[in-house]
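What follows is a set of structures for review.
There are two complexes below, and they share chain A, which is joined by chain B in the first and by chain C in the second.
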Partner chain A sequence: MRVSDSMLALPLTAIFVACFVAPLAVLLLLSLHGDISMTGWTLGNYAKFFTDRFNYSILVETLLLGLKATLVCLIFGFPIAWLCSRASPRWQSVLLFLVILPILTSVVVRTFSWIVILGRQGVLNQIVLGLHLSHEPLRLLYTEVGVVIVLAQVQMPLMVLPILAVLSKIDPNLADASRVLGAGEWRTLWRVTLPLSLPGVIAGCILTYSASITAFVTQSLIGGARLIYMPLHIYQQAVGANNWPFAAAVSIIFMVTVMIVVAVLSAIGRRSETYGGA
Partner chain B sequence: MAARSRIRWDRLSLLFVFGLLSAIALVFLIAPTLIVLITSFTASQSLKFPPDGLSLQWYAALLDADQMQRAAWNSLVVAFWTTLIAVVLGTSAALAIARSRSPWLRAADTLFMSPLLLPALAFGFAALIFINRLGFTPNIPFLVLGHVIVCVPFVLRTTLASLSQLDPAILEASKSLGAGRLMTFRRITLPLIASGVSAGGFLAFMASFDNVPVSLFLADERTEMLPIHLWQQIETNLDVRTAAASGLIVMATLLLMVLAERFAGLTRQMR
Partner chain C sequence: MTPTMNRRRFLGAAGALGAALAAPRLARGESKTLVAATFPGTWSEADRQVILPAFKQATGATVTQSIILGTDQVARLVAAKGNKPPFDVAFFDAPQVIDAVREGLIVEYPVDKSPNFKELLPSAQDKWGPRITMQVIGIGYNPSKITGPPQSWDDLLDPKYKGRVGLTALNSQLGIAFLAEINRIKGGSEENFDPAFKFLKELLPNVGAIGANLGAFATLWQQEQIDIAPYNFNFVQTLKAKDVPVELSIPATGPVGWSTSLHVVANAAEPELAVQYIDTHLGAAIQGQLLKPPYDVIPTNAKVTLSGAITTSLAKTQDDLAKIRTLNWEKLNPQRGALIDRFNREIKI
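Coming up: the complex of A and B.
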């Protein structure tokens, strides 16, 4: 009986082995060869990446971009989750609906809308010029600031949902106790609520970070051709330059980097769970 | 007295700061959707916002946009098959994972969820190399399989969440009353997890319909997918028809979201 239960996972496992594990294995193999016919092993593709400033600075820029977008998501996402957790069920649904809306709207549509907003004659610049906050239109499209704004908007639900899940499980008596003992709201937030919500915060950071650094469409449409991040770099090497082995190596480097970041953050997350004593 | 006013001030300042941050975030979250909707009804030839006048002309122009219509149809067909396969395989795998403590299935769970975190573009490229090495060229069935890989985590996650809410005592009761495994599944388990499964299916459908990184590599040259077609429109000639198509997608998304909220409690399932 036990055995037959586990069998239910077999079809999906088979598909994953054939369509996910096998392609990634071939990707790894190709990255260790100099040409597409795979003759002769080499580490040349990796050497090329790490010795060329142009290449490794793209990796660094991508990792920093993810950090900035994640921080913006956290600064705005935590308050939303906090308000959500205290709202009545009806308002909670409304708030969540608004938070989830962008992630379900087609990414190309969303990005298109941002081009209308961030452009030279866009909505944001009309407001800025109308309020005389600046003498000339701000450059937002094709800049990193623009990319960070759009990424933060798109990935916000990935931050809000895990934090909310943890916040709504925290015993409200703990915050009350903290207040009775004389701590103000800010102190309670800082010393009680925030530490207890750390597992959710970290889960949110993992999701927003990996989604931000891999967001090919947003990065390339808002960033334009001059701001190159890892996904666009892979695409350009694979399709533009038609250098498959090198593109494969860049893909592997990028994937391994994402896995390392996720592993480190999850390790921190596991430690924070014991910290909360939950 | 002083202490009480300090506490009130403390409370108000926290509510003010958090309220303000949330309000700013909500404006940024909603504005793009509203602006794209309003712009799509513009009467002028440009994407100026706010528009000078309103009209339905760009929606009417969509009726003649053959290429865009074909692309939309292709995307719908692929999303349909992807969702069907992802829901069947994802639900059945979720049943196995939820009922078992085996380390193998834990590992399989991690494997199934990994497409959510790993760069989809790298996977799309890997799949193209793989197909190429096997001597095939990209086609629609390969594209659907690729989409299944990146969409199945959504089904798996919501289904596992609703399975964890399922009281095992109910299953025991069903069994002791003489129901077979299939009957218990059909009459007890399935109805109780249906909203989780459908919320996951909805998310998988949206993810497939919207997918760019995998389609970019796995769609064959004759098959154009809607998001990629729209992308090219945005990059080459920023045409107001794109705004109308976007408006249509936004309205369909909102409608589907409201339905998913009504029937599957979408916001509850995503928590």
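Coming up: the complex of A and C.
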């Protein structure tokens, strides 16, 4: 790369340093102090987090929530991506539009419309009661099941798009070859298409996972205050309790944990790429 | 035609873009802009419909609303300390005033520059900024599901309301005030909140949902997810105006409330305008207008005669208003963090 080329990245680098690296440094510094005026260094905030079961149970539950939402997303997203990749160009653009549609509205609006769907008087419960499937309305809102359902829908495009990108690049001859060699549709899917699409699946999982566990709006509107996940915990500590140093420490811990999860997924992704290329 | 971009064209385009962006600002001419914080819901609406036109007429200045809760305002002002504050006028509930004064976020209110100030009830004439209204809590209930207004906070414990009781998280004023009132009734003190938490423990089987914030709490009523819950007089009025079946009942133990006030932010960009804007909220004519539905704002100007929903459920006269019990925020504020923490632990599923 020539020097003048790398110069082009300078403005972005400058913005990145000013708007991301610097605040992150402040966050880290703040987390190492006892109060907001930053007098005296301490690891007390971190010690407080890890010596209290309540705190790390929130962390574990948040990570599990992401896992559940990502799995649901994958189960529903992969078939959609697969259908998309095999559809005629015209249908493909229609399907693609439908997949992207949710991103075109604000996440707040999408989440509120889910409240209308999942509520006691909501669309879903009206159907359940109308069909006499249950005597009383199901409890969906303010439960973890509700949060997972909504997160899966809200984050679906993040799963479908990367998988679709990889699927549509797979050489169709490979599937034909598989069929010629006597494999059925399912076997071809399982032994050829799925392994080749792994990099897309991993990328989709990373995106969905990190978006799901940090989805403050969806988690707090659908989950309510009784289901506490990390973003709400950080918000309550910072704004409600005015304990900024502890909120900073919780943020750092959360960020590092997420980075570890993403790093592990990326490592798997890299291995799957070499597998796909072999 | 091939799209080429030479330096001259680039500069021309950039110049045109800059001019286009600057144009609306130029067109507005000399008129000044004040940035004022306001609460979501009733107040942002009342400010936009009633205060802003009156203020514009008097000063010629425009107002940009910054719609955020009191605790968030404190957080933002703390974050901006030493720099230009994000807004000129702060809109606080009683507890935030104490925090803001301690942190040096607001300045003393220049009483002599505010002609309407001396018309306020003596209790509303705070030197840090005038109290413009009171928020009062009671028991909200859905009259189509619950016959006869609840008489006591203990009614929430009734097994027939299993899964039908709502609560809000303690980062809302409503949540803290409810907890403090229950604590007082059950024999607790500002140092000992055990009685309140004992009550909450007993209440939990009945609790159907806990709203993470007041917006989510309003949705609970709209979706009829809950039938009975501690609620705030003005929120009930707002929902009623939207045909949501909800009423407020004041329990026999009496109403509890806190004041809401306006303040000039330290280092405000437009301190003069800020005072004029605040003063607009204090006049008898304006407060009389805000007393009408759908706002039903409890007045603090002594010249306003009470009427409407307030007189049926809260107070017949200004004297009744003065009797509404307030809370000791000096004692409560420092414990807020610990209370939120304890609440989260005890209510977590």
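Simple rule for what comes next: the second predicted complex is superposed on the first by the 276 of 278 C-alpha atoms of A that agree within 3 Å, B and C clash if a C-alpha of one lies under 4 Å from a C-alpha of the other, contacts with A are read in each partner's own complex, and residues count from 1 in each chain.
Just so it is clear, a contact is a pair of C-beta atoms (placed from the backbone, for glycine too) under 8 Å apart; a residue touches a chain by one contact, two chains touch by 3 or more.
Just so you know, these numbers come straight off a predicted model, no measurement behind them.
Upon superposition of the two complexes on chain A, a steric clash is found between chain B and chain C. When both complexes are overlaid on chain A, the residue A:A9 reaches chain B alone and has no touch with chain C.
Of the two partner chains, neither chain B nor chain C is touched by A:R90. In the superposed model, A:H135 lies in contact with neither chain B nor chain C. For chain A, the partner that touches more of its residues is B, with chain B and chain C as the two candidates.
In the superposition on chain A, contact is made by A:A241 with chain C only, not with chain B.
Contacts of A:R226 after superposition: chain C is touched, whereas chain B is not reached. The contact surfaces that chain B and chain C form on chain A in the two complexes overlap at residues 112, 115-116, 121-122, 221, 235, 238. Within the complex, the chain A residues that touch chain C are 36, 54, 112, 115-116, 119-122, 139, 141-142, 220-221, 223-228, 232-233, 235-243. Residues of chain B that touch chain A in their complex: 6-7, 10-11, 13-14, 17-19, 21-22, 24-26, 28-33, 35-36, 39, 47-49, 89-90, 92-93, 95-97, 99-100, 102, 104-105, 108, 111-112, 115-123, 125-130, 133, 145-146, 148-149, 152, 203, 206, 209-210, 212-213, 216-217, 227, 230-231, 234-235, 238, 242-243, 246, 249-250, 253-254, 257, 261, 266-268, 270-271.
Against chain A, in their complex, chain C makes its touches with residues 71-72, 74-75, 78, 99, 163, 167-171, 207-213, 216, 219, 223-225, 336-338, 340-341, 344-345, 347-349. Against chain B, the residues of chain A that register as touching in their complex are 2, 5-9, 11-13, 15-16, 19-24, 26-27, 30, 75-77, 79-80, 82-83, 92-93, 95-102, 104-117, 121-123, 126, 149, 152-153, 156-157, 161, 164-165, 168, 179, 184-186, 189, 206-207, 210, 213-214, 216-217, 221, 230-231, 234-235, 238, 244, 247-248, 251-252, 254-255, 258-259, 262.
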